[in-house]
Structure formats: C-alpha cells, structure tokens
Amino acid sequence: MLKQKNIMDYSVGDDAHLFLLLTKIDKKTTRTGKEFLSLELRDISGTISAKMWDGFEVFFHSASEGKIAKVDCKFDEYNGTPQLIINRIRLANESDGVAHSDFLPRSQRDFEEMKAEWNNIVESLTNGDLKTLIEKIFDEETKEKYFNVPAGKAWHHAYIHGLLEHTLEIIKICKTACDIHPELNRDLIIAGAILHDFGKVEELTYETSFDYTDKGKLIGHIVIAAMRIEAKAKAISDFPEALKNQLIHLVLSHQGKLEHASPVVPKMPEAVVLYHADEMSAKSNAYLNVAKNDRQGNSNWTNFIRLAETAIYIPPIEGDDTPKDSFFD
Amino acid sequence: MLKQKNIMDYSVGDDAHLFLLLTKIDKKTTRTGKEFLSLELRDISGTISAKMWDGFEVFFHSASEGKIAKVDCKFDEYNGTPQLIINRIRLANESDGVAHSDFLPRSQRDFEEMKAEWNNIVESLTNGDLKTLIEKIFDEETKEKYFNVPAGKAWHHAYIHGLLEHTLEIIKICKTACDIHPELNRDLIIAGAILHDFGKVEELTYETSFDYTDKGKLIGHIVIAAMRIEAKAKAISDFPEALKNQLIHLVLSHQGKLEHASPVVPKMPEAVVLYHADEMSAKSNAYLNVAKNDRQGNSNWTNFIRLAETAIYIPPIEGDDTPKDSFFD
Amino acid sequence: MLKQKNIMDYSVGDDAHLFLLLTKIDKKTTRTGKEFLSLELRDISGTISAKMWDGFEVFFHSASEGKIAKVDCKFDEYNGTPQLIINRIRLANESDGVAHSDFLPRSQRDFEEMKAEWNNIVESLTNGDLKTLIEKIFDEETKEKYFNVPAGKAWHHAYIHGLLEHTLEIIKICKTACDIHPELNRDLIIAGAILHDFGKVEELTYETSFDYTDKGKLIGHIVIAAMRIEAKAKAISDFPEALKNQLIHLVLSHQGKLEHASPVVPKMPEAVVLYHADEMSAKSNAYLNVAKNDRQGNSNWTNFIRLAETAIYIPPIEGDDTPKDSFFD
Amino acid sequence: MLKQKNIMDYSVGDDAHLFLLLTKIDKKTTRTGKEFLSLELRDISGTISAKMWDGFEVFFHSASEGKIAKVDCKFDEYNGTPQLIINRIRLANESDGVAHSDFLPRSQRDFEEMKAEWNNIVESLTNGDLKTLIEKIFDEETKEKYFNVPAGKAWHHAYIHGLLEHTLEIIKICKTACDIHPELNRDLIIAGAILHDFGKVEELTYETSFDYTDKGKLIGHIVIAAMRIEAKAKAISDFPEALKNQLIHLVLSHQGKLEHASPVVPKMPEAVVLYHADEMSAKSNAYLNVAKNDRQGNSNWTNFIRLAETAIYIPPIEGDDTPKDSFFD
Amino acid sequence: MLKQKNIMDYSVGDDAHLFLLLTKIDKKTTRTGKEFLSLELRDISGTISAKMWDGFEVFFHSASEGKIAKVDCKFDEYNGTPQLIINRIRLANESDGVAHSDFLPRSQRDFEEMKAEWNNIVESLTNGDLKTLIEKIFDEETKEKYFNVPAGKAWHHAYIHGLLEHTLEIIKICKTACDIHPELNRDLIIAGAILHDFGKVEELTYETSFDYTDKGKLIGHIVIAAMRIEAKAKAISDFPEALKNQLIHLVLSHQGKLEHASPVVPKMPEAVVLYHADEMSAKSNAYLNVAKNDRQGNSNWTNFIRLAETAIYIPPIEGDDTPKDSFFD
Amino acid sequence: MLKQKNIMDYSVGDDAHLFLLLTKIDKKTTRTGKEFLSLELRDISGTISAKMWDGFEVFFHSASEGKIAKVDCKFDEYNGTPQLIINRIRLANESDGVAHSDFLPRSQRDFEEMKAEWNNIVESLTNGDLKTLIEKIFDEETKEKYFNVPAGKAWHHAYIHGLLEHTLEIIKICKTACDIHPELNRDLIIAGAILHDFGKVEELTYETSFDYTDKGKLIGHIVIAAMRIEAKAKAISDFPEALKNQLIHLVLSHQGKLEHASPVVPKMPEAVVLYHADEMSAKSNAYLNVAKNDRQGNSNWTNFIRLAETAIYIPPIEGDDTPKDSFFD
C-alpha cells in the first residue's frame, strides 16, 4: 500500500512528488489565448485542482480519467482555494507498485477484524438452510467483492469495505432487538441483514471511483439481491419455500416504504427490525461524517444537507472560545 | 360446462334446483333461541344469502367454504334484499360433473381466439433472444396458468382469462405507439407487455375464489416476474446481458412510480410506453365495468369508487326510460 | 391483587362469580318491547358483552362506566360471539379489596427489575448537570406516575408500566449505537431517551381505562416534556444553556418528521439515533403483539392494521396443527 | 423559407455569412476594462454564443432580443465551447426575405399530410352536434394558430405544428382504445382529444420564441379551452347540455389529477382514456427526444431530467463505436 | 312560513299533527313476516325515523322522497333513539300552504339586511367595468338563486342564504386587508369575493335537499364561474382584457392550491388575500357549528371531524360542574 | 440616526464618503497574481460589492463581518453590476455616532404609533388572567426586543419592528372575525395573536444582520413561546389551567399543519381564526414586497418565488407603454 504524505497536509509553497489519481482532465484556453492543462486529482484524503502551463501535450494524449499519474508539483492557491502547479507529469506504470485502491477512501475499522467478525456471525447461524444458502451465495469471488464494495456512492459508509462495516453494525443492532424480544427469528434477521444490501456488489463500481452501473440503475440492488437468493435457494434441494419467501421479503422491504424504492413494505416483525437497524446504522454514520467534515466557518452548523433535509448541528466544545461579535473594535 | 339459469334471473317465489359455490357458512341463533344455517352462495352471475331452518346438521358438519352444493330452494327477500330459503342441500359429488370454474366469472372474449392471438404475437417476434426466452418461460403448465389467471382480485380484468385479455389489450396499444414512433424497440416492448404481470401466476389463486397467496403478499408479482426472467435468461447461453436488464427494467418499472410499488421508475421510452398502455387497459376496463354495474338508483352516478378516487358518471341515454333497479319482477 | 379465573378461560355453560370493570352500560328494548340491560365488561384478559333480563333497575340507576361490579353469571354465546347472562349484579365496595388496576393490562416484565434497571441507568450518568436535572424532574410523585403510565392508548406498550418498559428498550438500543460510535454523547442520548415520552405522564389517563387528557390533545406529550425540562433546568443554577437546548432538541425531534408532529427534525447524530431507537422499540412491540393476537382464521395473516398500513404475516410453524380460533372449545 | 447551413454543422476556423435570431444581447467589460458585445444567437438547429470586439455601438443601440441579424463571422471556441467572433453585424430588413419561423424548430412530419389527417378526422365525426361545434370553434384564423402552435415551451412537441402532431397521436391511441372497447363514445373522445390542449393557442406565444402569455399564466390552457367550448356551444341552438358538460369534463380532467392542475379528476371511462393517451403521446415524444439529444459523454445515460424525475437510459447499439461527442472534429 | 313545534322539542309519548319532509321511504318486513312502512322525515330542526304498521299502501304508492307529508303520530323511542309511530299520513297539497323551504335550515342572519348589505357593496364599486360586469351577471333570476343557495352541502354555511352570508363575511375580511394595505386593488378583490363561489348557483340543488348537480360534479363551481365571467365580459364592449384575466384568476385560484381543485395557484397579492379570507370565513363557520352541535357526552370534545382532520375542543364553561368519576359509589 | 444619501441613489462616477456595514470580507488574487480586497457592504437601501486595490492590509487585519466602516470611494460598475472602488477605509468608532440599526431595513409604519396601538390592545383585554400574564411576560427588556425584532429573516415583515407590525395586522384581522362571530373568545384570540410569534425574540438575531440563533434552529419559536407562557403562568397564583392550555394550544397550532412545524393542528375555532389571520398578514406582506421589488425586465412578472411556489404577476398600469416587440426595426 502506497505511503506518501496526504495532499491535505501540505502548505502553499511546498514542492512535492506524488502519485495521484486522475479524476478530470481538460485542455483549456485563457482569455489571452494561452492553452493550459486543467486537472482534478485525488489521493486518499481528498481532491485538488491542478494546472500545467507547458509541455503537457504528450501526457494529454495518453491520459484519461481513472488513470494514475506521477506528478512533480508545487502547492499554490487561487482565490483562496488550494491548487497544484505541475511541472512534470507522467502516467504510472506497473513497476511503480501503485493501485487504485491506494487513492480511494476506506473504512477506519481493521479489515481483518471485520472479516473475522462476519465469518463468526455466519458460523453462528443455527438454521441449517440459511447457513447453507449463505455459503452458496458467498463463493470466494463474490465474498471478495462484498468485502470491498462501499455501501453507497456518497452518503453513508461511502468507502472501501463500507458495506461490510455497515452490515456488521446492523447485525449488532438487530442482536440487541433479539435480546429484547427472544420470540424474533434471530437467524432470519441475521441472514436478512447479511443479504439486505448484497445487490450493491453489482449496483456499484468502485475500482477507480464510486459510481452506479447500468444494471444498478435499471434494476437496483434490492431486486438484484432477491434474484440471487431465488437462484441460489433453488439450487439447494428442499430449501423451505416459506423461509425463502420470508428472507426475500426482508431484503425487498428493508427500505421500509414504497416511496423509498422497496416494492413491498415490512409485513413481519423481523422486517421492521431490519428496516430500522439499517436506518440507524446509515444515518448515524452519515450525520457523524457530515458533522466532522462540513462545519461552516465559525458557526455550529454544517451547510444544508439535502439527504438529511436540514443542516446538522455541531455542539460547541466547552471551554472553547466561541466567536464574539463586538460591534466596534 | 354447467348450464343452469343464473340466480340473478329468478323472481321472488320461484322454486329452483341449483348447483352453487359455498362462499360462507355459519350456524346462528335467533333472539328466540332457534338455530339456523346462514350461507352465502355464488354462481357465475353473483352472490346471494341463504337461510336453512331445519335438517342442516349433517350438511353443516361436512361442508366448508369453497365446496360446491346442490340446493333445493325458494327465492325470497328479506328487508328488500333477495335471499334463498333452502329446503334441502347436499355437497356435489364427482358424478355431478360440476367444477369450480363453473362458478367463477370469466372473460367475455373467446378464449381460443385470444390464445391464437397471443401465439401469433410471440411468433411475430424478430429478436431471437427474446423469442427463445419467452418460449423457455412458457412451458405447457405455466402457459395454462397464465392463460387462466385473472389480472386481479377485484379491480380490473378480475375474471378467468383476465390476464390474457389484459395483456392482449396492452400489446394492441403498444403497437399503436410503435407505429407512431418506429424508433421504439418493438420486440422489447412486446416482450415486456407479455411478461409485465407474469408474476400474477404465483401471486393469485383462482381455483375456488380470487385471492392473494402468501408469496404474492410477501414478494409481489413484479419481483416474481423479474426472478423468473433472470433464471430463464441465465439458462440460455449468450443471452445478451444489456437486453436482459432492459427487459427486467420494463417489468419492474411498469407501475410507473415508486409509490405504486415499482422499485424503479421508467428510464427508457419503451418503459414509459408500457406503463401508460397498462394504465389505459386497466383503467378503461375497470371504469367501464363499474359504470355498467354500480349505478346508484335513478342517478347518473355510481357510488364512490375508492381506487378511482371518485364516483363514475354514467351518461343518461337519450330517450331512455330511467334505469330499473328492482332485483326481481 | 385480584385472583380470579380470566373470562377468556371459561366455556359456554359455565357459571361464575366475578369482579369485572364496567366499560359500557345501556338499557335497551327488544322488538317485542321487553327491556333489558346491555353491558360491556372487562377483566385483565379482555372484554365481553353481557345481558341481564330482570331485576336490574336498582343497579342501573347507581352504576356508570368505570365502576367495578360483582356479577353472578353464566357463560353463553350469541351468533357465535361469547356473552354473559347475568343473574345478579352489584357495585363493588371498598371492603371487596379490588382496584381498577386489577382490570387493566400490564407489562409482562417484572416491575421491580425494571425500576432497578432504570435507577441504575440514571446512576450511571457521568454528566453531573444531566443527572441533577433528571433527579429534579423525578420527584417521588412524578416517578410513580412515570413508572405506571402506558406508552400509548392502543398501539404499542399499551399497558401499565408500558412507558417504563419502552424507555428501557430504547436505552438498550441506544447503548448499542454508542458502542458502535463512541464519539456520540452517551449521556445526552440516555437523558433524551429517559425524557422523550415523559409528557405522557400528563397526556394520558390510565386509572380506569387508557385515554387522552384535554391537555394531551391540546398540547401533546412532546411539548409537555419540553416545558418541564425548561422549568426544571432554569431552577438549577448554571445549567449549561447549550446542553439544555440539545436535550430539548432531542425530545422535540424524536418523532423524526414534522408530519409525525415533531416541531423540528433531528439535527444532531444523537437525535437521529434516538428517533430510530424509539421507532424500533415501538414498532417491534406493536407488530409482535398484533401477530400474537390478530391472526385471521386459518390464514397466516392478521387483518389490515391501519398504523402499519399493511396486514402482518405470521409464519406457519412447521409441524404445527393449524391455529385454533374457537373462543370456547 | 431560409436556406443556409446549420450552425451545428460548421467547424472551428470556418468563416460564414448567416442570418441568426438574437436571443440575448449585452455589453460587457473585460477585467482590463475593454468593452465588448456579448450575444446569444439561434438558428433552427440550436443556439451559440458570440462576441464582437469593435464597431458594435450603432448595432447595439438599434438591436434587441427577438430581432433577426445578418452576421459576418468566424467560428471559434472558448474553453471547449463553440462561439462566434463577429466581424460585422446588421439587423435584417424586409428585403432579406427572412422570418422568425426560419429560426424556430418545427415538426418533422409533413405539414400538409397532418392537416389532411386532422380534417379527415373532423369529417368522420358522426355526432352532428360535436361536428358543428368543432367547425364553429375552428374558424380560419383559429385553425391557423392551432395548426402552428407548439404543444409546449420545452418538454414535448415543443416545435411549430407540435400541437397538431401531438393531437393526431392522441387520436390514434384513442382509436385503438375504442377498437378494444366499442362501448366507448368514440366521437366524444375524438372531440375531447381535438380540444384538450386547444387553450395553448392563447397560452403560448411562438412568433419569435416559445413562451407563456400573461393570460396563459393567470388562467391556463385548460380553462381557456373550457370557456371557448362553453361560448361556442351556447351559440348553437339546442346543443345538448349533457353532451356539452361531458366534453368540457374531458378537457378539464385531461391532466388526470388535481395536483397536475386539472380542476376535476376523470369521472368517465372516456376521460380516463384521453388522460392516458395524452400522457403516452407526451412522454414518449419527450423521452425519445431527450434520449436522442442529451447523451452524457460516453455513458449510456442522459443527465438528470427534472420532468422525468430520472436520467434516461440509451441502450448501446451493438457493434457500434462509442458515441462521438466533440462539437467540431 | 310554517309555524309548528320542532320535532326536536317533543317528548316520548307526545301525540302530534305535523307537516314533515319525506327524505327516505321503504317498505320492509319483520322477521315474522309482517310488512311495515319505514320512513325518514325532517323538519327545520333535524331528522327522525318513523314506522307505520297498517294502512300505508295507498300512501306508499303515491309518495316519494322529496314530497311533504302531513302526519298524525306519536313520539316513541327504539333502543334509545327517538322515532315516530304513525297513525295516519297523507301527502300535503297546495291548500296546505307549505313549501320545501319550510323544512330546510336557513341562515340566522336577517335576509333583508344581508341583501341590502350586498347591494351597497356592489353600489360602492368605483371601477365602472367591474360594476357593469356584476350588474350584467346578476339579472333578477340569477340574483335570486345566488341569494338563496347554500355555500355547501354540509360543511360550512350549509343552509339557505348560506352563500350570501359567506360572501359578506369574506368581503368584510378583505376590506380589513385593504385597510392594512391600501395598495391592494380593492374593487378587484371585492368583485373576486362576490364571484368566487358564484358557480355554486349551478353546482348545487337546494329545492328539496342540498346536493350536487351533474354539471357541478363534472365541471365544478370554479370553472362554471370562470365561464360565466368570460361570457358576460365579452358582451361588454371594451371590457379591459387584463382586468378580465385578473378577475378570472382570482376566482380560479381562490382554493389556494392545485390539490384543492384550483387549476392555478394565487399569483397576485389580491388572490392570496381572497384565498385566506375564504378559508377564514369557511373554517370559522364550520368549527363553530361543529362545536355547538357535536359535543360527545360529558367530554369537552366533538367526535373526529374528517374535514378538520381532528376532533374540535369545546372549552368547559367556568363554574360548571364537570363530571367527576369516583371509583366506587 | 444616520443621515446620508442611499447607495442605491448614486451614479457611476460619483465620489462619496459613507458609513457602511461590512457583510463580507475576503482577500483575493487576480489571474496575474495581484492581491486585492473584496468586500460586500450594505446601507439601509441594500447591498453593494466593493474592491480595494492598495493599502488595505491594516484594515483587513482589524476588520470582520458585522463591523461598520467609513469608506472614501468612487461608484463604478463591472459587467453591468454596480460596485465601489475604495480609496481609503477605516472602522467606525464610537465618536462617529453610528449604530447597526442605521444599516438595517425597518418598518415603514411609525414606531411610536405602533407601540401605542399595541399598548391599547393589551389595555383593552377584559380577561384579568390573560392581561396579568401578558404584563408578566413583557417586562421592559423583553418588550424592547419584541418591539424591534423582525418577523423573519427574509420572507415577510423582514425588517426592524417587523414582528410588531405583523402582530398588529393579525389582531386587526382577528377583530374582524370576532365582529362576525361574537361567540369567539376575543381575549383568547388577541392574547394568542400577541404571543404567537413571541419566540422570535429568541429565535432571531437582528443586531448586525438577520439570522437564526442556535436555540432558534434547535427548538424553534413555537416551542420557545410555549415554554415562556408555561413558566410565567405558573408564577401567577390560580391561573386557570384550562385557559393556559388553550392559549398554548393557539400558539402551538398557529402554523396550521404538522408539516408546517406546528406540533398540533388547530382544534378550536379561535385557533383556526388565528392561523388564517397569520397567513393573510404574512402572505400579503410578502407578495406585495416581491411585486414591488422583483419585476423582471419589461415583463409583468417577478422571477419564480420559491416560498410562493410561483412567479408573482404585477398588473400593467393603464396608459402605460407596454413593450412592443416589432419583428424588424
């Protein structure tokens, strides 16, 4: 894994040699007619604009979005926003030993620990049918994708291993619900939690950046998961029909309401538990991230967050000097 | 097929010997303590209440809802509503040569003609992949169910062969749209029309009465159809992935809006055509049926129809006598 | 506490001497002109109709809804529904040693255990301001009401001690969320959970039956709680203004959406966690109760539940005989 | 009609002499203080920006939006977007023989053929009252406007003759519905289709560009049409009152729902057919246009279309090279 | 006008000779087979059920709903609800000097005073065009209907002269708004208020009971009014086009929102004033009536009012003995 | 109070010495690398951009948003928008005798007159409890804030004394409603009107600009007012509980609908009157302001107003030369 200083940690005037992922590339012209290269580049800590004024033609014709570049540059700013001025640039090659995953955000949790936790949960299932089904669905290739895919493009758990982290949180919450109500079908809920967002494996791409696939936009992760369960359950002899329908129901109804794209609403106590566990995991992750990253100036608020339909409040830390507005100096 | 006079055509005082389907059965007690048998019975023309005052014990212990009974009865009325007074009753047996389908409403269109029309449409598909897929989905058993199932429990095309009639109407409307816009993918629309409500084969039961199955309520006909297409297309070597996703998209989006239980909205011109053709076929069938059957007294209106969110207007026929609403005479 | 056999456990023909709570009382007339007393009575297990044919005049003039009666009766049925035929009846008097609480449903959980759990939670708060505030709010009289009041009239935790049971469930779920996200303000969430439905103490009456007070209907439990927190925090010197506003925000926003009667939406991660913990506790309790009590005949479904906007599915138990639905056997 | 090469077909560096419609005109200043003329111009194929650096004062004082200009110019580009650099410019005069209609988009269908089709439909009406009414409404001047007006400002059939084309499509779809259901009142539906958007004649201007009139915004095309029908039917002796109300009902309800600005919902089978035929014609036209014109780069999707509440999918053509999106090659 | 004691003021056992309006008439049969006449009758104070056991055949064949009957009867009750037992009955004839209006509720305000107030308002208009238009619309016949028609079937001002009373209230409120904002077009608002519900003249029937006409249900009072204004303004030479459109706009938008059946939303300050004045007049009338008439038992609440989406609170009168529920007697 | 010419009344090229309020301050860099000061400044008439090219370093380090500056400047324009070029600038000091209120918009009505009107209204209350309560709530400090605060940030009455002006309008409208319906509780409505937006005293800041406080965003003015009434009523011995609940109900329900952030809907005639009086005052103020200030070019319309969900129409003044679009010059 790539070790280099994050772009967010440099200061204006610093020089640097960095590998960066190319997320936009254009040739533009100043009002006075001079051509220049306009780029957007990212490392694991975020995104930065860049300009290159000379000697970019060869690079421009070989490069494209999604490629990794090695840049020799100086940190600068333009109207208060940081930017890079590039002196030299080339595409990375195999011997550089860099990969796209070096430039994508990833879960803060330890990956090996999360995998072990997930495996233990599957191991703990006592319903043989559900356990067999999950083992059949998760062949090695599928499991690798499932362990890597983010849970979304931008809103919550939007980083490598995000779906895994999100799923483990949901299971933890669902287990609490099962402790409260032992009459709930624990194995059904856990299998539902494991599979509820399974379709994101096909709905999202995450190799060079996070985006939706055509299949994802035409069918959606909910129905993709349902189709996979149906296919794999059919391949198991005597898989109980009622149990299969219940599991598919949990997956289909996990967004809770028709207008949130669930084709059926939750019709079982287990489904309603899964729905709210999913919401709690998703929203608390999203709100905490926003509160950490989007504070507006000296205020105690982020800007308006469309998906939350509000700005988020960030409590002032006690002992903190809150900004005081005296009228005159 | 059973030949007997419809119950709607008898008058008060008539005696009759009829085969009728038992849709409710209860033993009740009058205020003065006398026990009697209270029944609801149906033939192909509708439903009628019935009472039996004596000698019903043997029958009561052998009978249950969904069975066919032979009744010896007199037509009577109670507080203005027609009812039967039963003298003798027994369950039908095989030698009576009656079947449940004798008591269920069915399409007015000729069944053989509809089947031929459907077969011709499939035959006319020029896209080999879609044609193969449809032939694979419609094995003999499936085709028989598909040709018999109603399109719904009560609202539109709610009769035997209803789904077939409804599908043919949609295809006719879609063909008009294709004539207007030759750039539409005709075969994709037709395949989508054929399969859009396919899931009703598993969503509904129609043997003794029309109702939803557990699977239908937990998963819904939309996803049932998607799962079937996925499974059958996978079994065809080299079925084009993009085409499969488009076809599933048409099925998933055919109810047009998330709040109408489609998990994705129409995202292709073909999908939006199918959505409105389905609506036009369903609504015109439903509104015409309601207008024919639910006129309120002498008014030009039906009562309030919940699914239409309005009462329906029935234009007065010029020179017509006002509508007759007595049940008998 | 009253010890007598539950009315739901008697059979037709049984004679009984019972204390029952009077929930409806009317004098009616048969078609033939005979007057009789028509009653609805309840014990802890449910409600039953009753008729008394003679000698009821004295009782009728002294009785009213909400009083407790001692009845000498026989179990009977009328058109398939159980009813009591009363021979003698009188109002209970103090020496009978019965109380309204003997006739109201109550939590299945051990009351002493729940109180201890609640006290431990308050004890565990490390934020001195919040702890002081809660101790100030919960004087002995308030605490007793809070420990007894149901969480609602009918939908979830609608029984004596219901609010306490509901609050403990929410706290358990919130603690899981805090384990997942240690950066959440644990004490704030717990104080919010303790107080979120505090206003039900004034919104509901539960002495003779569960109903809303005028204040409850005019102001609502959400604002009642906010006003109490404001008043009690003001009485604590130097209670931090920002903390008070956050706590009131959690209470006000706990129903999650304006259209659910929260005057503000959740604007903090802690508020969004509390909202979903509340939903999960309420809905899982409600759905499980409905599934246990409202199965329709032999089907796997309850009837349509308005607040769930669906019928609830009750999975068939494998190897189980079909459910018995006769009231008496 | 003006014959000149479309601006979309020129390349960078080309010189041209063109008549163009002025849609925006401003005088601006560079950072260095130099004044220049900034224009937006359109021909029938689309819109382009333009700059003029010298000698524009006389023109600037006589010109205004909506005028036609003759320009002597060179095709250039600025930051990747095409623009014109104007050397000389003057307003068109009558002897130039150009008209605004030369610069407005128009239906692809043959105008004479559409007129004939429309006339035949009117001719085919068998209900004398409806036929007389339509002939009375469509005097020569009205008919000309009706034949020219677009069906909307931008969404569907937004070009000269658009309303006519749209109306003919609806009638074709309605005829299919009448073939399916012969009990529908064919003449009523056709008259409703002819008049449903009649009000657009007064709601829209289309002489120099497509826009709403004050009357259109204050009253709307639906009520404008209703008022015209009322007035013209009153002028026909013995026009049947019930028929008039039905026809106005079809016009008023053709947008199907109150929230779509219909003051009544469809209450007749004929009204529900017209509603869905209108939707099908409008949406299929709009989606096909968007799919043809708004593909985003190399993707299979348009950008988000607000009125469709989704992006539109454009299936990849098999064996096709990826789409070319450079403006000049 | 008919002078007789109101049916609501009689007691059980009283004999009476009354003129009553027949609102329902049926022949029914008891369980024991005896036929009887079942009626619903109304006077100005309300509605009552009635039974007649013998000698009703001649009356039954001549009578129908909407006729006035003279009855010789005794006040009785059945299961706690008052009813009449009829001894003799005949239809009223002209010499009886009774009219339907004797049996319909009417405004409490003095009719002559209201007419004078309305005439003064019209007289006070300073805009000649608007004044002429209103005089043209209100010929004698129209004015009489307008002065008599109720403002609705049941919700607000649902009595004879109700529209007039409602209109005068709106004008009073609008005048206050004009006092606050002298820049409002006072004459336009007043003309809009006078005409906003004008269409109810054709939307409602009120001769024998209050109901909607076919035209009312197919077109609605909003568009009916717009069509009348258009027709009458056209007949005035040089009526200003912009003023006419503004006036029609006020009428069309007076229900404030598309989903309340206004085809356009208010787009002028005058329109928004009229909308809220209408709401205030309608709702305060409706809520006050409900509070006066629908108190539930001893509670301070009416039952749930669908159009208000709530029960209405009726404050207890101070010094009043509120019912006290002691637990034991 | 500051006397100086409004910035909106200067012309390009004018020199001026002005006190202005600093609303934005940034240091920026031109493309050629030159630093400059970029400011936004306001006086009572509006806002203007400003640039300062030299000698701004000292000022930049002492200045911040919300301070008042004395500027020596020239009026200029940039791309058609007016801007200031600043020669010299310094912060205002106390001896300058200027205050923030000199730069904020204020009500057009006479402040002393409004205060007197408000005092008279309070004086006129006949209900001693309500009068005492209001006097207790409005101590001198509170009254001063209440008399100064705007009724909102931008939409209606968004100026100093705005809440007072708005409240007086509502009371005027409510009095009209009480004249129409003498049975309304006049004192309750007036007290409700006085207090309905009381919470804005704590919800908004208006010292240097109009904005929401943290408390305002977390709790909202509705609940802030309820808490204050509760606290002050508690401090009055024997304040009637029912009256207090009614008053709080009026405040809580004054936004009319849950989705408008009222935690209860109006459940009393008085509450529904207050709701519509508030709407009428707010909307007519907002629409009239928009119509006065936002006309788009030569059209009769403002641009789209998000809170009105429409553009607003501004009637052409008769005799006015409306813009005529001739096609050629």
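A, B, C, D, E and F label the chains in the order they appear, each numbered from 1.
Convention: contacts are C-beta pairs under 8 Å (C-beta built on N, C-alpha and C of every residue); 3 or more make two chains touch, one makes a residue touch a chain.
Note that this is a predicted model, so its numbers are computed, not measured.
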Discussion item. Return the chains shared as contacts by chain E and chain F, ordered by label.
Written reply: C, D
Practice prompt. Would you pick out the chains that touch chain D and also touch chain E?
Written response: B, F
Worksheet item: Between C-F and B-D, which chain pair is linked by more C-beta pairs in contact?
Response: B-D
Worksheet item: Between chain A and chain E, what's the gap in Å when you average each chain's C-alpha atoms?
Response: 61
Item to complete: Please compute the C-alpha centroid of chain D, do the same for chain F, then give the distance between them in whole Å.
Response: 43
Item to complete: Could you list which residues of chain B touch at least two other chains?
Response: 214, 217-218, 242, 246, 249, 267, 311, 313
Item to complete: Kindly provide every pair of chains that touch.
Response: A-B, A-C, A-D, A-F, B-C, B-D, B-E, C-E, C-F, D-E, D-F, E-F
Worksheet item: Hey, which residues of chain E end up touching chain C in the complex?
Response: 30-31, 78-80, 300-301, 311, 313, 325, 327-329
Fill in: chain B-touching residues of chain A, taken from the complex the two chains share
214-215, 217-220, 222-223, 226-227, 230-231, 234, 241-242, 245-246, 248-249, 252, 258-264, 267
Item to complete: Using the touch definition up top, name the residues of chain D that touch chain F in the complex.
Response: 26-29, 31, 62-64, 66-68, 91-94, 99-100, 207-208, 214, 217-218
Practice prompt. Going by the contact rule at the top, pick out the chain D residues touching chain B in the complex.
Written response: 169, 172-173, 176-177, 179-181, 183-185, 240, 242, 246, 249, 265-269, 272-273, 276-277, 279-281, 283-285, 287-288, 291, 308-313, 315-316, 318
Worksheet item: Mind pulling up the chain B residues that touch chain C in the complex?
Response: 26-29, 31, 214, 217-218
